[in-house]
Amino acid sequence: MDLRFTSEEIAFRAEVRDFFESNLPPDIRRKQVLGQRLAKEDIVNWQRILNKKGWACPLWPVEYGGTGWDAVRYFIFKEESYRAYAPDALSHNITQSGPVICAFGTPEQKEFFLPKLRNMDIWMCQGFSEPGSGSDLASLKTRAVREGDHYIINGQKLWTTNGHRADWMYGLVRTSTDGKKQAGISYLLIDMKSPGVQVRPVVTLDNDHHTNETFFENVKVPVSNLIGEENKGWSIAKFALGNERAGIAKVGLSKARLALVKALAQRVEADGRPLAESPRFREKMALIETELKALEITNMMVVAAMAKGGSKQDPRTSVLKLKGSELQQATTELMLEVAGPHAMANQHEFLEARTGETVGPDWAGTSSPNYYFNRAVSIFGGSSEIQHNIVAKAVLGL
Amino acid sequence: MELQFTAEENAFRNEARDFFRSALPDAIRNRVQRGQHLAKEDIVAWQRILNKKGWATPMWPVELGGTGWDAVRYFIYKEEMTRANAPEPLGMNVHMVGPVIINFGTDEQKQFFLPKVQNLDIWFCQGFSEPGSGSDLASLKTSAVRDGDHYVINGQKIWTSGAHRADWMFGLFRTDPNAKKQRGISYILLDMKSAGVTVRPIITMDHGHTVNEVFFDNVRVPVKNLIGEENKGWSYAKFLLGNERVGIARVGFSAGRIAYAKAIAARTVVDGRPLAEHPRFREKMALIEVELKALEITNMMVVAGMKKSGPTQDPRTSVLKLKGTEIQQALCEILLEIAGPAALAHEHAFLEGSDELITAPEWNATAAPNYFRVRAATIYGGTSEVQRNVVAKGVLGL
Amino acid sequence: MDFDLSEEQRMLKESVDRLLEDRYSFEQRKTYTRAADGWSRELWKQYADLGLLGVPFSQDHGGFGGGPVETMILMEAFGKALVLEPYFATVILFGGAVKIAGSEAQKADLLPKVAEGKLLGAFAHSERDSRYDLADVKTTAKKDGTGWVLDGEKTVVIHGDCADKLVVSARVSGGQRDKDGLALFLVDAKAPGVTRKGYPTQDSLRAADITLKGVKVAASDVLGEPGKAYAAIEKIAQSAIQALSAEAVGGMQEMLDITVEYLKTRQQFGVPIGSFQALQHRAVDMLVATEQARSMAMFAAMMVDEKDAEERAKAISACKVHIGKSGRYVGQQSIQLHGGIGMTLEYKVGHYFIRSTMIEILFGDTDHHLAALARAGGLIPAGTTA
């Protein structure tokens, strides 16, 4: 057992840190630090910078643009990325549809999609959830009926994040009602410009437009956009779930936020001295930092096992998701507490980075909407309750 | 809405406070305050003092020895009694079996038992739980088979508090093995000196002896000891579960523990000054005091409701049990934290009432065992999980 | 980064696991508690034969040359079995003190005896008023020719009743809570002027109050430089916490396993209670707490020999905070999910709960270490702002 990073890994960290420091555009960094929303161009722009460096999709197979890093290096890469306040890569492109196409796509699909996904020439959205199918995703009803070389799609998706920004959707649709509900689902790529696709905004608690309802009315999708076999979509979608394990806890993100909270607490006065000096505040921070440290070590243990080719079913993955989302939420709560009364004004234009003007200090201007929106972290990607169910069954045998 | 006590109620509070201050023997008060176990004689002595004053069984009908107080007065009485570090009258007698005999007993039963129950000439224990029947009490198996004018009892009870001190047991026994669960159960009073009754101690984590196993080997019990009708025992038992609503939260007890914790913290030196002056300790106390205050108000609302409409199935009573036990547990944790290393030694003799100590200061010597013991508060009288089930179903309609 | 055990470590783990599996059932353990010392001398010999008593000592001193990882392996196993023998007192505390503060001659003299199982030791440091403040020492040491004379009282000295030799802390100068002016002494437990009162602790282990009255100590029995012992005392405490953390994790894992097993077998309402989702989720939260605590025990192992004293202290405090919190949670829930049976001494889970409660207290409780960590600035430095 050796609990330290190797000297190569430490050198790698320095390289990554250097790269982020010199290549992340300052305006993007500033928005990230302030908790403002990024424009579509910001995200595309950054992804292309990464792509030029060859770091756009580290975990893909090398022949499709991956870096060949082991899990430890990927972990370091993510950590440094958060530390630098770089935006996360669009998961729908990079950890979801990309790896699925790498693994299950036809040569034509690979050739067409992979370079575009990597470079964000195509923006993908995810069409899984439906009004009646959230945690019980396999009950989904949106129909795809085969007609010649096309599927005809009818139905509705819900919570489609960035449906309004997206060029394509990777969706789960029902191609059969026979047998088990999981067995009649197919994984389809759908051009969002197809006639009959309609996207309607769903505004979330942060008064912002992230998610959408997507309606399908006789939408024609070429059969060549089917991924893998018909009715095998469920296992394909599950394959992608295990993908983001190394980064699922977002330890680096929480770390960066805690560092920021600490810096901000030095600027806030409480009872005549900086909040950062109040023992109570410090103890609250220390407790969360302790939790985060524990999670970080767990994460490293998972990563080290992955680097050795460990099994995909590591039970600790659910711990990572559960505690990771708890801590992300805790950091946004802390930010809100530091902001105090400055969190009260509704500063939507500032959140959207359409103005630099704020009521009160700029750093506090986004604290409340970001707190609200982070409540979603324990809902999507398998809610915390579902994670509990998974561990209870798979690990504890209950 | 009137949130204040009336002048009469305040006067009554003074009277009660005076009485408890002057009538409670110092030795008993000290033992209660230091968290020591009471001897049987202590409890009997105190109950007799109360009885002489006419306050042993306030909620019984006046003609049978009750005080005729409304719920508010009773609440004040309980609060003052616990605040004075007086032991509570034996619940098994006063709240459990007494009211059942009053409501469902024959005249002979009333005449024989009630005065003795009141004066603690007879000590009752409760024989409900069995090894296989805890939360699922209605599955109980200990059988009472009719044989002439006797029942013959065979089987086993467990967790019987005070069985080793008790003269009699009120128990639930299966008289009809063919009826559905709840329907074949009878409520029977049983002399613990009967041939065939064996009591075996169970030692709990505090090394104390409160609970027992009780075995029945062809124990003959006269039929005249049956309460009410045969096979109707379940409804009598349920009746008495609703009985001790007013005091179930034990607000006064917790208030007394808070005062005690503060007093001890004032003489515990940490980092060169009294623990009571440490902001962190004060904040911890303040937080629990806020919780207790909320509970107290809820308690008073329930009490005021009972004053108007008599005993009801107010769903808030489950909240009283849930939060009340949580707060009791939290306070024992705080007392343990105050004790710190002084809690390590096993001061068993002192716990059992001796004045002798091996090493710990007297105010810390019972902290650990009482912390262990209070874990049972969320187990007996309906576990917290079962309480939540009750609220989910009964209040939320889930 | 590599979390796998080396071949040697794996063998160590297997041998201790095997021994405890054979010899430390709940029933067997009960018989050991009834022995005169409250633990088994015969097993102690077996630990010695297997080399366990020398694990943290160098091979020159008759040891195994192990480090914090080896200690973690052993203590976790001891925690799982609720071992009663004075390993913590003798090897970790006493042996640790000699290793950390002793001269080469003292190590060469004492450590092999510990490793061979021929010498039991204890760390007589805490006093009635000292609580968790490691510098709070009233016991005095006064110069007497070339040697010293000790006077004072030590309390709750773990396994101080059976120890042959004590490491005693005492003040050569300064005020009651000064870090300067402390010294460590080797004192024979039967030396004139030493009186001991032994008693059981809550967790079925043993401790002693020790009075020192005019106890003479030769110059050769001073550990390190008199007056400068605080750093060593801190280091001893940190090693102790590292060891206790691993023990706590072993206990938590066991509480989790016992509870899950019980959830599968206990029937109420005609079904195993483990089929109730409320209990399933609670068990999962226990697992999460246990896994996280394990990570912190690893962190402690990683950091206990760190050179930077400040970083080391912060890491150890963070670990103790987490272990305390998660141990309390896992313990309380393991009792709750058992219902009545969890409350009894006849059933094993409660013994783990008691031990984990005591571990939270030993060498500083959660509040103490949280405050220390907070004062030191926490684990993450402040970042930059926009």
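For clarity, chains are labelled A, B and C in written order, and residue numbers in each chain start from 1.
Note that a contact is a pair of C-beta atoms (placed from the backbone, for glycine too) under 8 Å apart; a residue touches a chain by one contact, two chains touch by 3 or more.
Because the structure is predicted, anything quoted here is derived from the model rather than measured.
Peer 1: By the document's touch definition, which label belongs to this structure's chain graph: line, ring, star, complete, or other?
Peer 2: Contact map by chain: complete.
Peer 1: Which pair wins on C-beta contacts, A-C or B-C?
Peer 2: The comparison resolves to A-C.
Peer 1: Centroid of chain A to centroid of chain B, CA atoms only: how many Å?
Peer 2: Taking the average C-alpha coordinate of chain A and of chain B, the gap between them is 52 Å.
Peer 1: I'd like to verify one number: the distance from the centre of chain A to the centre of chain C, where each centre is the average of its C-alpha atoms, in whole angstrom.
Peer 2: Chain A and chain C have C-alpha centres separated by 42 Å.
Peer 1: For chain B versus chain C, what separation do you get between their C-alpha means, in angstrom?
Peer 2: Taking the average C-alpha coordinate of chain B and of chain C, the gap between them is 38 Å.
Peer 1: Please set out, as single numbers or ranges, the residues of chain B touching at least two other chains.
Peer 2: 280
Peer 1: Among the residues of chain C, pick out those that touch two or more other chains and give their numbers.
Peer 2: 279, 371
Peer 1: Listing for chain A: what residues touch at least two other chains?
Peer 2: Correct list: 279, 283.
Peer 1: Under the stated contact criterion, what part of chain B meets chain C in this complex?
Peer 2: By the definition above, chain B touches chain C via 129, 132-136, 139, 158-159, 202-205, 207, 211, 268-272, 280, 333, 336-337, 340-341, 343-346, 358-359, 368-369, 371-373, 375-376, 378-380, 383-385, 388-389.
Peer 1: Inside the complex, what are the residues of chain C that reach chain A?
Peer 2: It is residues 1-6, 9, 69, 260, 263-264, 274-275, 277, 279-281, 283-285, 287-288, 291-296, 298-299, 301-302, 318, 321-322, 370-371, 373-375, 377-386 of chain C that touch chain A.
Peer 1: Which of the residues in chain C end up touching chain B in this complex?
Peer 2: Checking each residue of chain C against chain B gives 126, 129, 131-133, 155-156, 177, 197, 199-202, 207, 209, 267-270, 276, 278-279, 328, 332, 335-336, 339-340, 342-346, 350, 353-354, 357-358, 361-362, 365, 367, 371.
Peer 1: Flag every residue of chain B that touches chain A in the complex, lowest number first.
Peer 2: 279-280, 283
Peer 1: For chain A, which residues are in contact with chain C within the complex?
Peer 2: Touch residues, chain A against chain C: 1-6, 9, 30, 33-34, 72, 255-256, 258-260, 262-264, 266-267, 276, 279, 282-283, 285-287, 289-298, 300-301, 303-305, 308, 316, 319, 322-323, 362-363, 385, 387-389, 391-392, 395-398.
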